[in-house]
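In the two assemblies presented below, chain A is common to both, partnered first by chain B and then by chain C.
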Partner chain A sequence: MRPFFLLIQSSFKFQKKQLPVIGTRLVLLLILICIFNQFWQIVKDGNSATAQINPVDFIWYLMIGALLQYSRPEGLHYQIEQEIKTGNIAYKMLRPISVISIYFFSGLGSFLFRLPLLFIVSALFLLVLKGGELPQTFDAVPVIFLLLLLSGIFISLCTVFIGLSTLWLQDSLPLFWILQKAEYILGGLFFPITLYPQWLQEIALATPFGWIGYGVSRLIYDYTPQAAFETGIHILFWIIILLIFNHISYTFLRKRIAINGG
Partner chain B sequence: MEKYAVITKNLSKSFYRKEHGFFRPATETKAVQDLSLTIRSGECVAFIGPNGAGKSTTVKMLTSILYPTGGSALVAGINPWENRSALCHQIGVIFGQRSQLWYHLPVRDSLHLLAVAYNLSEAEEKKRLQELSESLQVTELLDRPVRDLSLGQRMRCEIIASLLHSPQILFLDEPTIGLDVEAKLLLRSFLKQESEAKGITILLTSHDTGDIEKICHRVLLINHGSLILDTTMNRLKTQFMSEKYIRITHKDGSYQRFHFDPRTEDITHFLKSSTFNQVSDLTIENPPLEEIIRKLYQKEVS
Partner chain C sequence: MADNQIKFFLELIRMNMKHSYALKTAFWLRVLFMLISNGIMLVGWGVMFHQFQSINGWTFSDFMFMTGLNITAFSIWSLFFRGTGIYMAHLIENGGLDHFLLTPKNILFHISCSASNPAGWGDFITGFCLILASNLFCFSNVFLVLIFLICSVLCFLTIGFFFSALNFWLTGFSDLSERLFYIFFNLSGYPGSIYSDWAKILLLTVFPIGFISILPVEILKTFSLPSFLYLITGISFLFIGSILFFYNGLKRYKSGNQVNTRGYQ
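Entry: the complex of A and B
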């Protein structure tokens, strides 16, 4: 396990140098929070359906969902794509450490560095913005944070899978684009999926995005141990599915390299 | 240590390309054909041939990247395709245009990561890193991110990364490509010295005859996937350097260069039959290795 911890540590070191980029992301996140704070106030005043969720709960919901987006290891899928296209990946396989693990732990390290940083600053900002008013189940923050870490594992694996999709699609961008939009819509990034039509809610919860997005974020105003457990189990299930997908992709990659070379 | 670092028997690799059309059969391209060779431990061998000859395919098979379509191979006593993880502890690989260092990290961090991956103890890592960084004059570069290094500096660090775990065999593919003269000289003398001191087997593929001449004692020429020539560097020079160049420098600084073949021409006769005025110097030169190799390639192609 030591090389993997080192990969995470190395990723942390790199992220420290990325602080201006993370700062810019943070500013964008805070602007997004401000816009949606105002927007939700207007929508709620004129719509009885949204009245179930108060503005404080909503804005915390939005912040948690957006954290996943803003903490993701950007560029990792592109790096994998380039290494597949140039054939560099074949040479990285000559190390006594799995190349997939290198990508995964680098991505996870980047996520783990960004998440707490963005979480703390955004939470403080929200407290100020809402005059110290807390969401209904603020006590659930430690559990939410743990589930966010689990979601980070999912996102890092997903990013590796997107990168490996180059093997089939010649380019990782199409799948990245589709999955990103799916995260926005099915993950309920902008609105809790309870506001969606029933059929779309069912689709969202049949995908991983409904659980890593809505499933985790809603706990800030609707926490029960059962709901948290259910969300955790679903995320774990999708992590296992992605592990299988990545294993299949890696086996395919190994086979292609063994037959065709780098 | 194994007596032989590399043994191959009828090693073959074909690539199949499916043509468009459902019923069209796949076309076969034989990249390596029945390649049988042995390389003793501690030998420095140049693996040369024109582009597309099968050099890189062979190296890829020996380093376990590619799976052969026929034959067998043992590298450091290990079947490369059956025991890839054991093999990677015994070999070091340098590909001139590829990097194994983490681009954004300081060199030291990349090397530490590799040392941990190779299960080196802290003491071993420290000792080896000190030895290598001093020999390659990169001690002051270790704390700089890889992205800030010049090509020559990065290449020296890549060599440390490949030798950190003290491999038995080092595969070098165009290690000096793009480097300036000074960097090339440093790398060549370091590799030669490291091979002699530690008994590392070197298998070098390069189009740079300087690399071949300075590092290797033996030359394997491959073309169309088959071994054409297996000889020592000395024999290559004597056997194929039959032609000579005579350079005559005149007192006014101008010079003339004549080419003759001592096997068919008499040098005294040649000199007597020529009229030279105001000669200040006369030298007889061997053709450069580059020219010998070019002629061997041409002979092969024709």
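Entry: the complex of A and C
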């Protein structure tokens, strides 16, 4: 296990040098919170569906969902793409640790550094913005944080998979765009998916995005142990699926490298 | 002189297109996936507008026009002037402007047109269709829409010039300048009606994305000459200001003494 911890540790050290970049993401996150706070003030009246969620709950819901987006390992998929295109990945494959693990743990390290930092600053910002008012089930924050970590594992694996998609697509960026938008819409990052029509709710919950986004964030105002457990199980299921996908990609990658010589 | 610049511009576009199309599968996938990605986003906003009917007076049709204008302008920037973003910032940071300084062409124009992103075609198709589908568009206001489009492209260029030129003063700023550019782009994607009055003042002055996301729709809904004149003069003022800012920074440029050939992005 030691090499994996070292990978996370080195990613942590790298993130310390990335503080200005993380700062700009934080600024964008706070602006987004302000925009949607204003948006909710406008739409909350005169709509039965929105009336069920109070503004404080909504803004915390939004912040938790957005944290996943803003803590994700930036540029990792692009780094994998470049290493595949240049053939440099062949050198990493000579190491005693699987190349997938190298990417995954460095991505996870980046996520683990950013998540608490962004969470603390944006939570303090929300407290100021809402005059110290807390969401309904604020006690659930430790559970939510654990589920966010689980979601971080999913996000890191997903980013590795997007990078490896270069093997088939020649380019990782297009798939990244689609998955990012899917996270926004199917993950209910703008609005709880309960405001969607039934058919879209069903689609969202049939994908991993509905669980890592809406599934985790809704616990801030609608926490039950069963709901948290159900969300955790679903995220775990999708992590296993991604592990299988990444394993298949790795097998394919090894064959390609063997044929083309890196 | 102008004829010469146009020929040069067309030649740069041809080179960029050739470069983008070198990997055919990647080119078409980028276009296709960009269309899908925009489609997903529209479904999301469509659902919201279906739920709320209108957001502070804006209907889905207004939003479609704003998004269409925003995406089309961004695609034009992305296809023909992408050199103003991260590319220019890196050139300044690494002292790589020598090649451009040694050619007799206008340096700012030359760098701006030296990079292109093929995914811009996906954006262009989406944006164009959205403008046509919006109720705000009709053939009697084609000219007005064209002016809005030019202003929006100038707005992206202004932001690009400004953040790239900051690299003349700040070292190690290139990655940040790209991120700041995209912060502006992201902000221009929300309906203008959700902003408070204070935010609107900011967005129509120091953070000029209101020239894309607020004014065009407001003018098309209820034409007001002062608003229209403010749009034209405001964006012209900012655009000229960003050019002067760039040339002012250029005086501080230090060559990286790089010996290499320059490829197109």
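In this section, the second predicted complex is superposed on the first by the 262 of 262 C-alpha atoms of A that agree within 3 Å, B and C clash if a C-alpha of one lies under 4 Å from a C-alpha of the other, contacts with A are read in each partner's own complex, and residues count from 1 in each chain.
Methods note: a residue touches a chain if its C-beta (ideal position, glycine included) is under 8 Å from a C-beta of that chain, and two chains touch if they have at least 3 such contacts.
Everything numeric here is computed off the predicted structure, so don't read it as measured data.
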Chain B versus chain C as contact partner of A:16, first or second or both or neither: neither
Which superposed partner A:92 touches (first chain B, second chain C, both, neither): first
Which of chain B and chain C A:3 touches, first, second, both or neither: first
When both partners are placed on the shared chain, which of chain B and chain C touches more of chain A: C
Which superposed partner A:247 touches (first chain B, second chain C, both, neither): neither
Chain B versus chain C as contact partner of A:196, first or second or both or neither: second
Contacts of A:24 with chain B and chain C, given as first, second, both or neither: second
First, second, both or neither for A:256, with chain B first and chain C second: neither
Residues of chain C touching chain A in the complex: 23, 25-26, 29-30, 32-34, 36-37, 40-41, 43-44, 47-48, 50-52, 55-56, 119, 175-176, 179-180, 183, 186-187, 190, 193-196, 199
In the complex with chain C, residue positions of chain A that touch it: 20-21, 24-25, 27-28, 31, 35, 38-39, 42-43, 47, 49-50, 169-171, 173-175, 177-178, 180-182, 184-185, 190-191, 195-197, 200
Residues of chain A defined as touching chain B within the complex: 2-3, 6-7, 10, 13-14, 17, 88, 90-97, 257-262
Footprint of chain A on chain B - complex, ascending: 15, 56-57, 60, 63-67, 81, 84-85, 88-89, 91, 93, 95, 98-100, 102, 104-105, 109, 112-114, 116-119
